[in-house]
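Letters A, B, C, D, E and F mark the chains in the order given here, with residues in each chain numbered from 1 onward.
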Amino acid sequence: MSQSSPRPDGRADDQLRPMSFERDFTEMAAGSCLVTFGRTRVLCTASVGDGVPPWLRNTGRGWVTAEYSMLPGSSPERIRRRTSGRDQEIQRLIARSLRAVVDLEAMPEMELTVDCDVLQADGGTRTASICGGFVALHDAFTRLVAAGDLPASPIIEELAAISVGIVDGAPRLDLPYVEDSTAEVDFNVVMTGSGRFVEVQGTAEGQAFERSQLDALVDLATGGIADIVEAQRALLATPPAARA
Amino acid sequence: MSQSSPRPDGRADDQLRPMSFERDFTEMAAGSCLVTFGRTRVLCTASVGDGVPPWLRNTGRGWVTAEYSMLPGSSPERIRRRTSGRDQEIQRLIARSLRAVVDLEAMPEMELTVDCDVLQADGGTRTASICGGFVALHDAFTRLVAAGDLPASPIIEELAAISVGIVDGAPRLDLPYVEDSTAEVDFNVVMTGSGRFVEVQGTAEGQAFERSQLDALVDLATGGIADIVEAQRALLATPPAARA
Amino acid sequence: MSQSSPRPDGRADDQLRPMSFERDFTEMAAGSCLVTFGRTRVLCTASVGDGVPPWLRNTGRGWVTAEYSMLPGSSPERIRRRTSGRDQEIQRLIARSLRAVVDLEAMPEMELTVDCDVLQADGGTRTASICGGFVALHDAFTRLVAAGDLPASPIIEELAAISVGIVDGAPRLDLPYVEDSTAEVDFNVVMTGSGRFVEVQGTAEGQAFERSQLDALVDLATGGIADIVEAQRALLATPPAARA
Amino acid sequence: MSQSSPRPDGRADDQLRPMSFERDFTEMAAGSCLVTFGRTRVLCTASVGDGVPPWLRNTGRGWVTAEYSMLPGSSPERIRRRTSGRDQEIQRLIARSLRAVVDLEAMPEMELTVDCDVLQADGGTRTASICGGFVALHDAFTRLVAAGDLPASPIIEELAAISVGIVDGAPRLDLPYVEDSTAEVDFNVVMTGSGRFVEVQGTAEGQAFERSQLDALVDLATGGIADIVEAQRALLATPPAARA
Amino acid sequence: MSQSSPRPDGRADDQLRPMSFERDFTEMAAGSCLVTFGRTRVLCTASVGDGVPPWLRNTGRGWVTAEYSMLPGSSPERIRRRTSGRDQEIQRLIARSLRAVVDLEAMPEMELTVDCDVLQADGGTRTASICGGFVALHDAFTRLVAAGDLPASPIIEELAAISVGIVDGAPRLDLPYVEDSTAEVDFNVVMTGSGRFVEVQGTAEGQAFERSQLDALVDLATGGIADIVEAQRALLATPPAARA
Amino acid sequence: MSQSSPRPDGRADDQLRPMSFERDFTEMAAGSCLVTFGRTRVLCTASVGDGVPPWLRNTGRGWVTAEYSMLPGSSPERIRRRTSGRDQEIQRLIARSLRAVVDLEAMPEMELTVDCDVLQADGGTRTASICGGFVALHDAFTRLVAAGDLPASPIIEELAAISVGIVDGAPRLDLPYVEDSTAEVDFNVVMTGSGRFVEVQGTAEGQAFERSQLDALVDLATGGIADIVEAQRALLATPPAARA
């Protein structure tokens, strides 16, 4: 896509890092997925709770929420255990995104919490959390249907997300930390399986950007997300293992 | 711009609410501005502190940060005094945006804090905070130069922001609460005086949106921001009153 | 009243600073008043909440409480956003004082909160909060009666407060910061419209004081409060604007 | 002093409850005193710390501060372990009062903390804390002089405090809980050994009070405090036991 | 028991410090005991609360919990007022131990809280808290029976605790601070009146210990606890004073 | 070892669950180990920080500390993200145990933090954390030596821990949750590679226990720990992979 310098890991500018979804990496929560993009690894679990937040009581609607945290040892410099402003912003993004593909009206008054705990951080942890959190949530709903607690899964369609940015003047897909930390512009894009947008968050890191750059980055993200959705579809074509 | 239903306050879809910047509404902080967009009113002050955060010590660079809060009586339903996740997300956005138009290298090791306290909330409080916070910060830097504490103002260019959204299927500029609460898509856009982008944050409230909608909303915001920048330029052409 | 040195702003020792009550400065809360004493400015709002604190449930009585805070930019040195011990002490004083002129038995089980946010601080912020908070509370009750939510206003009489102190050996009324910070003795006095006492709080700042000084300060405050009550009566003779 | 109903414990209206100061009830802190007024018992200790608060560094002045807390089992209804607004207000009063009789300029940069822990609460805990805290602080300074850490004690004169109130229309001295909870007016008065005022805090509990009532209560407190100071003088005429 | 150096206070290695239980040291809580082991003094109170924690509601069982805190002046170096990790660990130990000798099934849904506030600390504060907390709890239950709130006391048998340790190579009973701080091994043992174990907590302070040392320490503790239980039995043979 | 009912997973009473140590499961921290005992899985990382806690500054000694947390999805019922009293107690145990096998005098003033994050909880999480934390710490020290930051590893010997308990009257080794929750007595034992004791913590869950039971449980733990140490030795005979 560009004549710029080669990427540190040799990828093409529009190529994703090696990606995997390890389903049921743990078995206590209703859904669980260890998602990997390159060296970034996030353990996502979906837990089913009693009841809903106060403002939804007696509305007959359900709720999906999310929490995000980095383990202290997930980064070369140890991270303190506290919910930072950045963590809160990310978990609000994850939760909003997941709710965009769930029909809350089709759930009874129950709350599912998707926990995204970053085991290893190398850029793109929030978008990996959305991709893996969707798998964990999907499997939790499938098991609730199997257990007779829901008539049908309220999932509407797939959900995936990716980071894109401008590095050395070139738009690049799926930035690892070494690129992310020097990017001039940084976008996180969340889209549905049908190719529509749920969130677009773009930030000028160094200097402000042009409309043409905005357009190029959105194009790049659109392509990457289509690849992720394809992988999710292949995985989810098989239902998760039955629970005792 | 559209054939949709008329807006509650009779404005055209691409028209801003009545806007004003009341400079030096208070006189204790180095810069102060009461900014008004319709019924939304935010008191922005810029205070000068000693020293910089730990990670900037001995770098010879300055810092600009921001805090955002809604007064309890700013809303029909009283708001509790606590920094919510939403508040933290907004103050991170304000601070990042302000830093985009300040040359931190051209400041000594001092920190300016821009406080944005919402006196009355009727939609668009975060974008109003950015517009008014820029004025307060600009005047604080001007006074620091006048007092001999800075050789020249590190402000690079103007900064403004606006919300846009899709209501009843039509893209609309500068949404009051009554429109914001029913918008299908909600964007906050921050741009510089020269028309480049600092932040683009778009969220699907109800259902995911198309690329064409994204494009229309960014166009609409670009026009509104140009109007705000013009008002800022007119105001700031005159320096702030001298301080004893 | 004394032969001491002239006051910094040229006032007589028994003269108030220029005072004003700007009613409905904001329009979201049930009552709102921006009160000014010299350069001290406090935005007071009265919000109506559902229900009462736990210990009043099922007693058939209402409640009035207060919160007090200084905006970070209200002072030449920026103030951190946290409720200090001083803030708590002040808000307890404001709430206790307001309740002294409200017949809580004549209210149903509802709670009104009077928020006093100091926009600019130049001495006497707690007494200004009481004077302005009374106006906001009065208007909130008037609107509750107009809306049919209360049979009659439970306000018993007016409430006002002022600071007095001994500066350079002379008793003085309504101290700005420059006098307050060097006062030898500092009193805050709260009285009703009928001239009775609600609170008397006197503190020796430098050295302990004599009974004769106590008597002179209470006399001085009594006169100042009568002037404030007169201004409140003139304002409140007209009911607040009707709300849509 | 009055024709009103007899007091629950049979005292005259101007009579103190049985009072005692048990010096060195504990032996770890530099000064310690278990003070008793009737059933109210407060353990006061004075501890010597390194250095002073940040705002006093390099001023060559010392500091005295105080903390106040009620033990959970000090009251018939268990009290939660947390610093309430009331606790903060009381500890600010205790600290301010103690500093009024200490020449901070005559101390090096050291900080003494007087902790007042209420073992049993039956009214008048804040005034008992001031009376007992003074004894603990006095002994701590005496031991610092004995140890060669101070050239001379910076204590200027004695300090004592008492509560007075109007119960059943009559002014009464030193109220136990049963009277305090029904008092119409409640005053706490702090005075020095030479009979001057440090703090006067009067509150209308039920209805506002007249100037003549204010005068009568201040007279009553003045008499009670003179009796307490006499007891303190008798005790402190003997120095505290030497420490190993 | 050993040829090692003499103990600082001249005791035999298997001898307790002078011990006392001062019943009803305070009179507000349902049970109260000031327990003394040498210079260690802990005020233990047992308060009766309404209801039980959420997880016990509607089970028909009662609950006993405990809190532990050191007063700031209890130690030569002042202790900050906050619940440290050490405090939490100790209060969990106290509560667990007390529940081991209470038949919770024989209580209605009420909660007793045993507060252990260390007035003076010289080693062994947690074991003293258990010994004195048992007395306070015992008396609180006796008074609940006397008041008709319980059919019979749910206390099963006595409870006592002691510390033992290896100092200078010798096992020693009931360590004061000067021994505790140099002990190579430190055990806290909790036992019932019938000589069975409730808790055994042993820690290598300096270097790991042998099985034979473990055995010797458990033997030593068993003997000391038997002496404490005897003292408790003598005291509790008489019921506590009746309350008005 | 006993005639009691068979164990739920068919093991002998003195048999460990299947155990594994997955070295370098993550690669950001200096040492990392995913430890497994049956279904219990804990990710342990050892991070190297700058400097030491304040009380060790300028002593020339290093420090080792630990933190313990359960991921929200590690349990069938979701766990809230907060440091409970139980968590604090456990992390104090882990840290104390690790320090028992490190020669802190042989480290410069650096601090290593061992984070133990429970990915899946099925009993014995604290003892698994100690076993896996030792491996992570060992590898971190080895890498510090390889990088020239330490002259030699300060590790003295191996460290392992296991839980034992009495279930259905029989002493059993390495309890999973289903046994742990019904155990009458619960011990956690920490020992060194040379077979000496570091910690012994025994608790009567239901009723108090006899000395003979204490002895049997300590014997059982001693055997299990020897097996774990053997596995650690086999693993650590090979140095960890070199880091770039």
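Heads up, the rule we're going with is that a contact is a pair of C-beta atoms (placed from the backbone, for glycine too) under 8 Å apart; a residue touches a chain by one contact, two chains touch by 3 or more.
Note that the coordinates shown come from a computational prediction; the quantities given were computed from them, not determined experimentally.
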{"item": "Chain-contact steps, minimal, separating chain E from chain A", "value": "2"}
{"item": "Each chain counted as touching chain E and chain F at once", "value": "none"}
{"item": "Joint neighbours of chain B and chain A, given as chain labels", "value": "none"}
{"item": "Listed chain pair A-B, B-C or D-E that repeats interface E-F [over half of contact pairs the same by residue number]", "value": "A-B"}
{"item": "Chain centre separation in whole Å, for chain E relative to chain C (CA means)", "value": "52"}
{"item": "Whole-Å gap between the CA centroids of chain C and chain F", "value": "60"}
{"item": "For chain C paired with chain D, centre-to-centre distance based on mean C-alpha positions, whole Å", "value": "29"}
{"item": "Averaged-CA centre spacing for the pair chain F and chain A, given as whole angstrom", "value": "33"}
{"item": "Per-residue overlap in chain A, given as positions that touch at least 2 other chains", "value": "none"}
{"item": "Chain contact topology (line, ring, star, complete or other)", "value": "ring"}
{"item": "Of all residues in chain C, those that touch chain B in their complex", "value": "25-29, 32, 39, 41, 43, 45-47, 49, 67, 69, 71-78, 81, 83, 113, 115, 117, 119-121"}
{"item": "Chain B - residues contacting chain A, complex", "value": "85-86, 88-89, 91-92, 96, 100, 191-192, 194, 196-204, 207-211, 214, 218, 222"}
